[in-house]
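Listed after this line are the structures, all set down as structure tokens.
What follows is subunit A paired twice: with subunit B in the first complex and subunit C in the second.
Let's turn to the complex of A and B:
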């Protein structure tokens, strides 16, 4: 902004200027009329986000508090699912695990495909086809999650069942595919596939936009060195898009973590187990689906327990976002922003 | 390490639009050839046809022939990727890869096609290329720092180092100094003088003093008007072009009189 408050100004003998003067200086004389109004609007919008976030966090914490402080006996008598002598943490732990497992698997399935589609649209497809494809991918995002749930339940589960059996028979030694393969197909693996389809559009859309913004200069630099198309993508486009793709993946992960309806409709839930066996039935449940499943019938302390579970989800999502930011920031020096 | 280029009857198109018409010229090895002319006359377009970078733009194509030591670069079965390995290019604005360190930038071309290179060979190549671009002394202590942290002139020399690291026959430079300050420009011009011992160099420049300072031969391009194709007006020894050109248009241009 203005340079009037820069340190090279001679300091007044009576110490730093008062707060009011400093503020007047900072906003300067250039701000009047609409410029000032706009500044208020922008500041207000920024503050609103913080206020909303704080309100949600406060609500979760206050309503979860009775459950957090309750004894094991109180919990198991209030909540039907809590066996005798189960603490809140022992109950929520497996739910967190199930939520993360489903979301991470979905992300692992969706990200490579989304990057492939994004690259195809931005650098390989003829322009006409690229537009149509981009539009179709965006349409995927418009499908309600309840429809995805129905599709996963009625169509996908029967179709992938033979695949799950094949995986279980041939790769049963791999921890993820161990255990008895469910005969219904309503398992975490199926949920992950549905979640992957659901987060595909957002990751694709963001990756595509990022890839399209690769500076022509860098692409031509690679080509002029004798790069093939793929090498040009590898040396210029992917490094440029790296942080954007990570952000896109985190947006997708956020959706996968919080997805309720599709998971609820597909999975046959299991509680109190930490299980990697994604092909076996009754092994997992996610936080969001669990809350939706039990909320209608919960009263009193049971509601607080559910909200405590929601608080856990809130914290996970926040942690995921912070980690993603840290990853992006770590190589900031090489981002080309300087 | 340096080869001759023969251009015969080249027409250059962007889709239906004829951008440059009927260019024929010979570019001698181990010399500096400068292209001068007003904006939009097609000199940048033309230099990009010499390493098949022109066709990167959708709808752009070339007819006629461009021969490198008798081999037509536009002949059937010629891979543009191989052409660009032989004929390197330095661009108007410095474009080191921002996500790579200085060292990786120099090695970028060498590492393409999954070619393996031992650590000591890589170290030698980085040093010799950076020395070749007069940049070694300035960056030898920070090879792992990002290339984008250098000054503009240093970045451009890094791009030259990257280009010569793949050992091309010819180095094309498209207004390499237009984004640089006079001191960096001088550094690049000195470098061009040294490089011509080993390479065939072609440079596009808007700066006639620069053409006069660095080049052995100069080609003057001109355009009759907007929408008309650019043409090669004449090409001769630089001294001749700037003292007694055979065409009136050339004389008008180099002496600063137009029209």
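Let's turn to the complex of A and C:
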């Protein structure tokens, strides 16, 4: 690259002239003429993604600001659901709590099963079937969330209702199962089951990959010492895959936190309460479902309040995802994989 | 001496042939549990697909696919999903039109040019971006557009922008993987012939990986085609056919399903002809069947493209 042509080339993004210059100076560096323009275009696309993410945060904050700075009276007069004398924080708090509760329960249900499936596909299933079976689990991820909602509302809720009654009758002393069991089955527990099914394929996909990466020598060493298959898995595969499974679970958590339709269509919502009673109706609502429920009718300050709620969701999921990605990145450095 | 040897042999044999029964039992129990985990995961899949098939198959007909819901009220069963199908095609098409160039170019940047802090942060934030909740993407577009166009703005292209916020990271991820698979020897051979880098990328790298790229893009489309929440927020709902993405509300299949679901049971007068009480649920199931078929076709097409057109590198 000569110093004379470097300033003028990025300034001429049109194809033909820069291509002509490239043809004129054929010898030397390949990085000039349209190559240079192309590099700028590609770099620009990369930068555009960073800009988009920044814009998401910026515009949400910009539109949420009026609600954040509004007084309690203004909020309660603009938004139907705000009772007198409730600050934005007092209103969003229970929503965040409901979101976290649903997501954590879903995670608790899904992680053991997903690890089981991951092990099943990587170490237990017949070799030839493994790929097909893995594809079947991936199909769960392909089903749109609105169909999950429809299914959860019309099929799953009636089916699990007797189970919730049984849990309420026999384990009512346990805080999660306390309270009056809802007669409709449209409660947070049902939502968590559906969310668990939805995040299952994500956790499975990642943990399957990590389990497959276990060094063959570790496994064979364990077997040579007389370990049974489970002992081999416990001593060689699981420790190797631990951080991978943790980050997979975090990714699943991120997805469960942001899921809208399944929650919206199944739950009978309740506001302004911090409640652990996952079998009782009208006790919880999640942020995403609340936004979808109220957005169509909202005007003025109510829209700002909804966007402020969305901003809270955005920050929570960003934090969860960044932690998950940081774990993955750290693992890459240590394990020597890739 | 000889009894001693006998003893040792016996003991060793005992150790080798019969490990403790508890260990074996635990091993068997875990095997059963791990198989059970897989079976448990298949129950919802089978139940869901079966329910959609049984409930939807009765509703899907030529009329259902070619009529809109304009002027359909109550239990009238003569409506259809034509407007939703067209809305889905238009909005998803625009989303793909925005996401594919940006996503592909970013992948090219990461694989061919990416060095240093910018590349590292792009990789990291693309990963983080995959986790943006879909409804937040919808809110972002509304927040952006209402600043320029006033509070009531709802039209198709807004939904397409929201979908591309969700789709771009998926495209980047899968395209990046595919471009990394192209062997360096091909690039070097091309440079050795004096081909400039941009032409090498377009004519050698992209052409070698075109099957994988197509797969990645089809799977990304399949992922966003089922999105509901961002469209509910950014595009709104309509019962009529609207083919213009730049004006007026639109309906897509997932939003149609939600709308029918939220209408619930219809009330029929006794003397009313042509009235079905649970018609909205039937409509929802019918649309769900169509949507699932579309998503499955996209998935299968993606995998087949990769299998049939992948270059034989070895």
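By definition in this document, the second predicted complex is superposed on the first by the 271 of 338 C-alpha atoms of A that agree within 3 Å, B and C clash if a C-alpha of one lies under 4 Å from a C-alpha of the other, contacts with A are read in each partner's own complex, and residues count from 1 in each chain.
Convention: a contact is a pair of C-beta atoms (placed from the backbone, for glycine too) under 8 Å apart; a residue touches a chain by one contact, two chains touch by 3 or more.
Predicted model, so just to flag it, every value in this text is computed and none were measured.
Colleague: Which partner chains sit in contact with A:71 here, subunit B, subunit C, both or neither? Use first/second/both/neither.
Modeller: Neither partner.
Colleague: In the overlaid three-chain picture, which partner chain does A:223 touch, first (subunit B) or second (subunit C), both, or neither?
Modeller: The answer is first: A:223 touches subunit B but not subunit C.
Colleague: Please name the chain, subunit B or subunit C, that touches the greater number of residues in subunit A.
Modeller: Counted on subunit A, the partner with more touching residues turns out to be C.
Colleague: Return first, second, both or neither, reflecting whether A:56 touches subunit B, subunit C, both chains, or no partner chain.
Modeller: second
Colleague: A:231 contacts which: subunit B (first), subunit C (second), both, neither?
Modeller: Touch partners of A:231: subunit B and subunit C.
Colleague: Mind working out whether A:240 is in touch with subunit B, subunit C, both or neither, as first, second, both or neither?
Modeller: First partner only.
Colleague: Go through the superposed model and pick first if A:215 touches only subunit B, second if only subunit C, both, or neither.
Modeller: first
Colleague: Looking at subunit A, which of its residues have contacts with both subunit B and subunit C?
Modeller: In subunit A, positions 226, 228, 231 sit in both the subunit B and subunit C interfaces.
Colleague: Please output the residues of subunit B touching subunit A within their complex, sorted ascending.
Modeller: Residue positions touching the partner: 51, 53, 56, 58, 81-82, 84-85, 88-89, 91, 93, 95-101, 108-109, 112-113, 145-146, 148-149, 159, 162-163, 166.
Colleague: In their shared complex, at which residues does subunit A touch subunit B?
Modeller: 127, 215, 217-218, 220-228, 231, 235-236, 239-240, 242, 331, 333-336, 338
Colleague: Give the list of subunit C residues in touch with subunit A in this complex.
Modeller: Those in contact with subunit A are residues 16, 19, 23-24, 26-27, 30-31, 33-38, 40-42, 44-45, 47-48, 51-52, 101-103, 105-106, 108-110, 112-114, 118-119, 121-122, 124-137, 139-140, 142-144, 146-147, 151, 165, 168-169, 172, 191, 194, 196-199, 201, 222-223, 225-229, 232-233, 236-237, 254-255, 257-258, 261, 281, 284-285, 288, 291-292, 295-296, 299.
Colleague: Contact residues on subunit A for subunit C in the complex?
Modeller: Contact set of subunit A toward subunit C: 22, 26, 30-31, 33-35, 37-39, 41-50, 52-53, 55-56, 59-60, 62-63, 112-117, 119-121, 124-125, 133, 136-137, 139-140, 142-151, 153-156, 197, 200, 204, 226, 228-231, 233, 251, 254-255, 257-261, 264-265, 288, 291-292, 295-296, 299-300, 303, 306-307, 310, 313-314, 317-318, 320-322, 324-325, 328-329.
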